[in-house]
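Please go over the structures that come below.
Each of the two complexes below includes chain A, the first together with chain B, the second together with chain C.
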Partner chain A sequence: MLRLLTVHEWRLWRTNPIVRLVIASFAITLLAAAGLGATRAQRERATIAKFEHRGGIGQGGPQLSLRADVAANERGYLALLPPAPLSALAIGQGDVYPNYIKVTARSLDALVSGDQIEHPLAVASGQFDAAFVVLFLYPLLIFAISFDLTATERDRGTLRMVLAQPVTLGEVVAGKMIVRIMKLLVPLLLITIGTAALFSPTGGSFWPRAALWAAAVVVYGAIWHGIALVVNARGFTAPANALILAGIWLLFAVVGPSAVNLLIATSYPMPSRVEAAVQARAATQEATVQGSRQLGQFLQDHPTSGNVGRDGMRQFALLQAERDKRVADRLATVEATFNARLEQQRRLASWLSVLSPTMIAQGVLLEVAGTGTERFDHFRDETAAFQQRWRAYFEPRVLDAATLTREEYEAAPGFAYVDEPFSLTLRRVAAPIMVMAVIGAVLIVIGFRGYRGYSL
Partner chain B sequence: MIEAIDLTKTFGATLAVDHLNLTIKPGEIFCLLGSNGAGKTTTINLFLNFVAPTAGVARIGGLDVVAHPLETKKQLAYIPEQVTLYRNLTGLENLRFFSRLAGAAADANEELLAILAQAGLTADQSRARVSSYSKGMRQKVGIAITIAKGASALLLDEPTSGLDPKASNDFSTLLTDLGRRGVAILMATHDLFRAKESGTSVGIMKHGRLVETLGTAELGHRDLEQIYLAHMKD
Partner chain C sequence: MRAALTIAVKDATEIWRDGRFRFAAGLLVILLIAAIAGGVHNQSEIARQHADAQRAERDVWLDKGDMNPHAAAHYGAFVFKPVQPLSAIDPGLDPFVGVFVFLEAHKQQLARHRPIEDATPTRRLGQLTPASAALVLLPLLVVALTFSSFAGERDQGTLRPLLAMGISRGSLLAGKAVGAMLPLAAVIVPATIVGAAILFWNAPADPNAPIGARAAGLGLLYLVHTLIWIGLGLAISARSRTQGAALVVLLAIWFANAFILPSLAMAAAKWIDPSPSAIEFAASIQDEKDSWPSWDARVEGVMQRFLDGEFESTMAPANVEVVALLESEADETALYDRRFAELFERYQRQARSFEKVGAIAPTLAARTLSMALAGTDESHDREFAAAATRYRTAMLTTLNGELASSGRFNTFDYTRGRDLWEKVPPFDYDVPSARWAVSQVAWSAGALAAWLAAIALAAAWSVSSMRLE
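Our next item is the complex of A and B:
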């Protein structure tokens, strides 16, 4: 019976030009979003490949006699973060965090110099990507096609004709729900995952992540379908349903997240990234000036490098190292303050996200796509660990004022980003996906129970 | 068979149906008369299980409609004042959908077109979209659904209201045919003339109570009108 009702509903929809227009617009928007995302990811991969081709070490090729301090610091090493498996679907934090960090023996310079510079409007409003379509447009379209599950059929009397047959109202509503769910969900999953699969490497954790993406989209949609069902079951007219659902969308998808952001910004005001960068630079300069005085004194004492000798060079390197350490310490303090405040914000955001399904889903989709803060933090941690190895390799040579041979230079440690294991991502998103699934299921159950008292 | 045993329905303080006792045997056409708000539509809704009775039992084919909602609906057909079909589908497509819902055997185009023809619709009319149908044509699709379903009980709620005399007469003929086939028919109506013409018996309902039941064979049109008006005066 359910199959018959579903097929019938599907057929009615085929003859409805407005529904066809809505679905076509949705598919085109999704294609545009996923296409743009794929283009962006491909561009990122090309850039990374270009850097990799040049070689992280000694961009431009190693020289035969390269001073250790030049190799360690001026040349340094460009640690690269390859695009995440599903980055075509969600830009996420990719427009804020750098996907490369220059590593030197002195410091990790990401906060000051590594940021991606984006147009302020794009940063403020968020990027247009598949995640945006899923988070904001998908719920709106669910409401657009579900505000009139039964109201018009009831008001016209068709529902009475149908229910005079051996069929329950629950079955009729379920048939209508199935069609509405499939009409949006199928193109959504096909277009998003299909585009990502076509234009991105599908190795590694791509397919498990795609499955999680699908699961997140399904449960997120279930919440909005559930809300629509609950409102429809109240027995209002179709226009009243539309008005109520539009208000709910505005509250949960737009006002809620904005209010939470405002609350977070008020509770833990964040020093701006620019301000942090300025502070970092000021700290660097202060320490540099102190160190430079000593170096200046040294240079005054040794006006030409010719009469310095190897010992003099070592002494100079030592002074430089002291200055660098001072700079690094000051920088670390500024970064620690910035990161501590960021962590407080994140923790509060994580708690408050339960107030809006859009916020829960956003966290999940970015994590699954690999463009959430966790992957960038992991990249930063990996790079920091690499920097220790880089410094350990070069520091003795720098202090020894050594000149490197090609073999020594090539023996320096290299960096290849290793993604966190997929199980970690799974562990992070399992709970929010379950929470969304439970909310969706509860709403759907409440909706169907509400229909028991539906007045014909 | 359609039966009501002490069937009662209240909406808050309002008594809509008051201890209704009624038996309509196969082949009988019982016309329920009464003013607006007398309880006719509520009675139909009780048999359809669209509203739950406050007390008493409504039965179709011997089964309580509340305890056996799906089984009883397999046996009954319903034609409201406005047969509201799916406007974007043809009469044939509508009939196919409702027949399938009812679990009817007829499914092929030829079978369904033959049933629509019995109900008075030509093949061309049957293949036209319902949005182009007159009220009379839609009522005929309602009759076709009843025939296709092989219903043993038929509930009608003001089915001839708004029909022109010819269409109303055609409809009555179809009803009489269904009666001859052994269908038990309960029709709520304001049309005294049609009730006398089509019905085997009439009942007059007032304030939810069935105040008079009469066989139509021994009644003239004028007699029925006078009895009806006498009840309405109180």
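Our next item is the complex of A and C:
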């Protein structure tokens, strides 16, 4: 019977011009968002490929010096972060954090990376990607096609006639729900995952991640379908349902997250980078000035670079390394304190995100796409580990003021980014997906129970 | 006129009696006040941090002891971005641009440490600010107040009897418009009074940065934007077949304005004028530097010119290295200036393309203007960056010039102390005037004015030609 009702509803919907318009505009928006995301990911992949063959920035220039300090520090090594498996679907934090770090063998400025550069207006406006469509437009369209599950039919009296047949109200509503869920979900999953699969390499964890993406979209949608069902079951008129649902969307998807963010900014402000910069300056001043004096003294003794000789250069390299180490040690204390506070504030703040399903879903989608903060943190950790090897290889040669042979240079360690195992991602998103699934299921159950007392 | 007033009072009373309106309006007032209080609190906190840091930095600079002037240039200086008082109302791009620049010899950097990097990822979903409440939430209340103005009367069959009473369509439009504005005033007036009071008490007026004109501009802007939405609501309500249709159309326009168009416009702008990613930008600078002669070759070149008699005969041979240093410094400065200018020009072109979309989206135009008036848009950031660059050039000129004119045989032997450090003045940044701010976004100002005029005409035309049933 349910199948018959569903097919019947499906046929009815195929002739409804407004529904067709809604689905068509949804599909076009999705195609545009997924297309833009795929283009961006492809461009990023091409850039990374271009630099992979260059090694350090500037390598291949006309003055390929093999002096150890030039090769190790000035040229350094470019650690590159390839685009995440599903980055075509969510740009996430990719427009904030850089996808490369220059590694040197020094103890100070060991990892040099500028910020990712992007027009601030683009970061502020948010990126037009599939995740954006899922988070904001999808719930709104769920409400747009579900605000009138039964109200108009009841008011016209046709619902009563339908129920004169051997069907229950629950079955009728279930049939309507199934059609509404499928109408949006099928194009959404097909277009997003299809575009990503067409335009990005599908090896590694692509398909498991795509499955998680689908799961997240399903449970996120279930919450909004559940809300629509609960409101419909209250028995208001269709316009009243529309207004209430629009209000709920506004509250949960727009006002909620932005108010929570205001709360975070005022109650859990992140530690100030400005204060940290001043503290770092104060902590390292003595070491910097002292080191500069020693280096200055050296230069005074050896006025022109021509007559320094290898011994002199060794002495200079040692002085520089000692100064760097002293400054870096003092800096490390300030940085460790800052990072610990930052981490603590972030953890506290992230608890507040449970107040909004949109915030929970955003976290899951970014993590699954691989463009959340975690992947960039992991990249930084991996690069820091690589820096140890790079330094171990080059430091003795720098202190020896050596000039490398080509073989020695080519034997230097290299870096290839290895993603975190998929199981870690799974572990991180399992709980939020379960929470969303439970909330969605509870809402749907409440909705159906509400329909038991539905007045015809 | 009398009839218009009667209609206005009747509509306003009806709206006011509606519990849903009182709930929504109450919520909006609370949100607006929370946004203003939160904004002012955050702004004053950040402003204090930056001012303290700038003072501490100055002390560090002066007290760093004796050293070689070029070593002092390497020691460098931090310049912190002053926070604008009106960023409490519209923080604009502040969270998305760097908060300080490190100025040093040989290298020039973009401002570092954008607050967004340290924020939780959820921050990307947007933060409630007085500007977003005024430009995004308030129009939604306007939509709720106006969608049924004419369509509702028509649905109920009261539109024809109303006009049969001899009321002109012009009076009807005026009545409906005022009828929507009166309940809105219940939200806007208390929020403005409380907001202004909080702003006044918390942010002591800085005589060097008068904000009167900018604040008045912001008030006028939000008022004009609200009026445009009232006109839009009335025009669409008059044209729509049913009130349901009017609501759907208005909500779609609102959604496009608030959510779709800003990100889509920026995506289009980047499509037209792609900007380099960080790695490409860094590589383009490094590539050019790599093509220059090495330090030793540079010194040799200067020595050759010295021997050829290109310099004054009083110059000592040891100054050759200083001349080479100054020349390489000048080359580097020119390179960075050129690359940054290219990048900023690209950004400016992107911003201009983005602004163009304001012609079809009044909220986008209003957002651009709001950031400009609050002093938190891209052109203000560029102004600050330019001031920092000028300061860097002046600092390096003072320090390196001292080195060149020292006339000492051994340039690196030469050390100076506090008297020279004091010759580098503290960093001072004057915020441009409100007029300048608006002139940078003239297109948006024009677009908004055109919208206001067009929407008034459209509303009048819609009402004069509307169907009665």
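Note that the second predicted complex is superposed on the first by the 396 of 456 C-alpha atoms of A that agree within 3 Å, B and C clash if a C-alpha of one lies under 4 Å from a C-alpha of the other, contacts with A are read in each partner's own complex, and residues count from 1 in each chain.
Following the convention adopted for this analysis, contacts are C-beta pairs under 8 Å (C-beta built on N, C-alpha and C of every residue); 3 or more make two chains touch, one makes a residue touch a chain.
Treat the numbers as computed from the prediction; the structure is a model and nothing was measured.
In the superposition on chain A, A:N16 makes contact with chain B only, not with chain C. Counted by residues of chain A touched, the larger count belongs to C, out of chain B and chain C. After overlaying the two complexes on the shared chain, residue contacts for A:Y97 are found with chain C alone; chain B is out of touch.
When the two complexes are overlaid on their common chain A, residue A:L36 makes contact with chain C while staying clear of chain B.
Once chain A of one complex is fitted onto chain A of the other, the partner contacts of A:P166 are limited to chain B, with no touch recorded for chain C.
Within the superposed three-chain model, A:L366 lies in touch with chain C and out of touch with chain B [touch as defined at top].
In the overlay built on the shared chain, the residue A:V260 is in contact with chain C alone; chain B does not reach it.
Chain A uses no single residue to touch chain B in one structure and chain C in the other. Across the complex, chain C meets chain A through its residues 20, 24, 31, 34-35, 38, 41-42, 45-46, 49-50, 52-53, 56-57, 60, 64-65, 67-68, 71, 74-75, 78, 80, 92-93, 95-100, 109-110, 112-129, 132, 136-137, 140, 144, 243-244, 247-248, 251, 255, 259-260, 262-267, 269-270, 275-283, 286-287, 289-291, 294-296, 299, 318, 321, 343, 347, 350-351, 354, 378, 381, 410-413, 415.
For chain A in complex with chain B, the touching residues are 1, 4-5, 8, 11-12, 15-16, 156-158, 160-168, 456. Listed in rising order, the residues of chain A touching chain C in the complex are 29, 32, 36, 44, 47, 51, 54, 57-58, 61-63, 78, 80, 92-93, 96-100, 102, 113-128, 132, 135-137, 140, 144, 238-239, 242-243, 246-247, 250, 254-255, 257-266, 269-275, 277-278, 281-282, 285, 288-289, 292-293, 295-296, 299-300, 303-306, 342, 346, 349-350, 353, 358-359, 362-363, 366, 372-373.
Chain B meets chain A in the complex at residues 45, 48, 50, 69-71, 73-74, 76-78, 80, 82-86, 88-89, 97-98, 100-103, 155.
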